[in-house]
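Letters A, B and C name the chains as they come in the text, with residue numbers starting at 1 for each one.
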Amino acid sequence: MGLSPRPDTRLIDTSSNEPWITTKLDAFVNWGRKNSLWPMPFGTACCAIEFMATAASKYDLARFGMERQAFSPRQADLLICAGRVPFKLAPVLRRIWQQMPQPKWCISMGACASTGGMFDNYAVVQGIDSIIPVDVYVPGCPPRPEGLLYGIMMLQKKVANERSGDPSLRNEMEPDPDTQLYIPPSVIDEVSEPFGNSIHQTRSGL
Amino acid sequence: MATTKRTVEVELSTTGLDAQGRPQRVPLAVDEGGNVLTMEAPLGIEPDLSGEHMLINLGPQHPATHGVLRLVLELDGETVVRCIPHVGYLHCGFEKIGEYRQYNQIIPWTDREDYLNSPGNNVAFALGAERLFGIDITERCTVLRVIACELSRIISHLVWLGTTCIDIGAFTPFLWAFQQREEVYEMLEMWIGARLTTSLTRVGGMGADIPDGFTEKLSAFVRGFPKVVDEIDRVITRNGIWVGRTVGLGVMSPEEAVNYGLSGPMVRASGVAYDVRKDFPYLDYETYDFDVPVGTNGDVYDRFLVRMEELRQSTRILDQALKRLPDGPVNVDDHRVILPPKSKATSDMESMIHHFKQVMEGPRPSTGECYVAVESPKGEKGYYMVSDGSSKPVRWRIRPPSFVNLSAIPRMVEGHLLSDVIAINASIDIVMGEIDR
Amino acid sequence: MTEGDAVNGVNRDGSFAPVIAGSALGATAAPATPRNVPNRGGAPNESIEPMRQQFATAVRRVDVVWGETTVVVDPTRVHDVIRWLHDDPSQRYDYLSDVTAVEFRDLEQPLEVVWHLRSLPYRRFIRIKVLLERGAALEVPSVWDIYKGADWLERECYDMFGIKFAGHPDLRRLLMWEQYNEGFPLRKDFPLRGRFSRSEQLRQALAANPEARYSKEELSIADAFEDLPADMRRRLTTGERTGE
């Protein structure tokens, strides 16, 4: 009774014509990630309509590897927050971000999501970066589809340049247990101060 | 009254409805001979399951709620026993901000409140403010505003159509609808420079006159668009799945619909011929020849038919408006609200004073109040403005049609299946920006 | 299908007979876009005469502002007036457009609660007002029993102004969340950016656990209430909310 034949150890058959390359693992993984981002649209307001226009026939988000839109945070890589986020929605957005598995990225689409936009009042969060970390801000009210596409391409560049050796990569930010905030309260107060024209528009009479 | 009733009938070429027009039931199991097997109920229902109701939370982040609506549903099996809607997830304090802004400064906010219908809202707000200032707008402006209103009705209904089709399981009409939207976007961009948030009007006129080449583009659109509507019509109106998922759902009787304050396609699908354009006209709508489609069953399917017909009627109005578009000034000649031309403001003393007063103090209407309603794609949209003589309104109230329409959803979904809640909710054509404001 | 076929507005095949707005007017001229509307004055709405006869003392003042008839009525009789406008066959104000309130910048002026009613059969529009004097209780009767559409409109008005609608079945906050404790946003003494600092507002908003935000009513319908831990049940029954 003899032994069974040994398996072929030549994993890559260099003698045949099979094409092959050597590359860095990071570059290979990032290449795959950046071209198959699964976006989850968190569309609340007007910007969501422009997001839909971006996804529809003319601008066709699928060209960037985003054919599949995830409507469940559990199966998404990229949160696109399109629209205003009032305080009532803040815990919902936070929860959705926490439900997304790593690796995950976030695009803040539009003036409202990025800074509160023209809604400097009692109801609206002055920038979602006080709730969740944001990778790319797309300005505009609403951003044109080209603008959003540009933002997405910027994010793809960011993804392509990630290094798995970076120890801070994929760190899940833990909010402060007392206040549930990521950023110190004084900083939040400071960055959400009214600026520009809106300082002069605090009186209702005249 | 020129209301004609478009008879809404379903002749089916595909399966889906039985002879009485009810959705056909598909047998769950058949034997070899093709006979339907009846299922025996299991002996003795499990005691724990009887009468136990389930609580399902739908939203606020759910793609089929068209925004951040949250519905808490009490289910018996799969049947909805009770529905508790929660709104306010997009409450952005529009009305409060309005008290801190001058009349012309509010117009950008009207874009963003019902963001599917921005030009229409701009027109509605300008009409209200002009009432407060006692201004009658020019002929050309009136017709341009009609064009703006009807274009925005078309793009709003197209989004409704696209998203509702996705909810019910058809993807193609979404792409077709958005293709047409892009055409309208291009026109709006030519006109005012923005696609979605247009800020098209000013108190006393428009932000801009239409550019060269606009009318040609619009008439090409008016010719081409009905073909697309027909195409969508062919794909879904008699589609078995579409009919099966929409007929008989969310029925509101005419009395109920009026009592619940429904408006727009919602109330018309229930057989109430109430259209603000016909009954409390504005912008000379009484001189246009168009029909108000009225449904006869008040269900989701009728709402769909009514909106499809409104798309066609809007094209008719656009066609007439194009034909009658007069020449002449767009803005009224009233130095209280309209800025003098730049060349005059720097050379002519009087114009300079007017310019200064308008920019520094803002136009001030006399004291008074008005409620101006227009027929938005969702229904009766009203702006109630109260002025105390200062340059900012004391109160700027938005009467949101889809807010009132949505408040009837507990009544409409009662007794229907969970999956039908999606279809009923889609049929209301909600825009959370308008509901929560 | 003519109206003659219909029994109680329902045709034989189960569809509705159409209800036409303006039908009670007969063959009068179609309405036209109003032009050159004067600021004050002009003929009031036709409903005013019969209303004065019916409610002589309750009708405090009638104004015609920009062509729209405004009736200021006694707060205690407003429900009767609206009920009469809705029920009387020669009025038939069957459509409630809006319920809202107005607070003026001059804090001496009374707070106004405003109802906008339409009569579809007669194509009429009327504005009913109640003035709530400073210091008086902010309470008016609810018209929910007349118009079901008043439900959310009144809840919103309560949410934004703190006006109580007596007789409303479920007067809770609608747009702001239930634990919102900064006040009533549309009141003039409420600052544009809210009373608290931004970080405090955010802290309070994030403190709410979105999964625990079911009200007692919602939990009890699913019988989940009984399964809750004892201390949570106790907190719910005392009006405290979960997630706080």
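Criterion: a residue touches a chain if its C-beta (ideal position, glycine included) is under 8 Å from a C-beta of that chain, and two chains touch if they have at least 3 such contacts.
The model shown is predicted, which means the values in this text are computed figures rather than measured ones.
In terms of which chains touch, the assembly is arranged so that all chains touch all other chains. The pair of chains sharing the greatest count of C-beta contacts is B-C. Distance from the chain B centre to the chain C centre is 22 Å, each centre being the mean of its Cα atoms.
If you average the Cα atoms of chain A and of chain B, the two centres end up 31 Å apart. Centre to centre, using the average C-alpha position, chain A and chain C are separated by 41 Å.
For chain A, the set of residues that touch two or more other chains comprises 88, 92, 121-123, 202, 204-205. In chain C, the residues touching two or more other chains are 105, 176-177, 185, 190, 192. Across the assembly, chain B contributes residues 88, 91, 93, 96-97, 100, 390, 436 that each touch 2 or more other chains. Across the complex, chain A meets chain C through its residues 87-88, 90-92, 94-95, 120-123, 125-126, 130-131, 175, 179-181, 185-186, 188-189, 192, 194, 202, 204-205.
Listed in rising order, the residues of chain C touching chain A in the complex are 105, 176-177, 182, 185, 188, 190-194, 197-211. The residues of chain A lying in touch with chain B in their complex are 41-46, 48-50, 52-53, 56-58, 71, 83-84, 86, 88-89, 92, 96, 118-119, 121-124, 141-142, 144, 201-206. Chain contact summary for the complex, chain B toward chain C: residues 1, 3, 5, 7, 52-55, 57, 72, 74, 81-82, 84, 87-88, 91, 93, 95-97, 100, 131-132, 134, 136, 253-256, 258-262, 270-275, 278-286, 294-298, 366, 368-371, 373, 380, 382, 384, 386, 388, 390, 394-395, 397, 399, 403-404, 406-408, 411, 436-437.
Residues 1, 9-11, 14-22, 30-33, 35-37, 39-40, 65-66, 68, 70, 94-98, 100, 102-106, 114, 116, 118, 120, 123, 125, 127, 147-153, 156, 160, 173-177, 185-186, 190, 192, 214, 217-219, 221-224 of chain C are the ones that touch chain B when the two sit in their complex.
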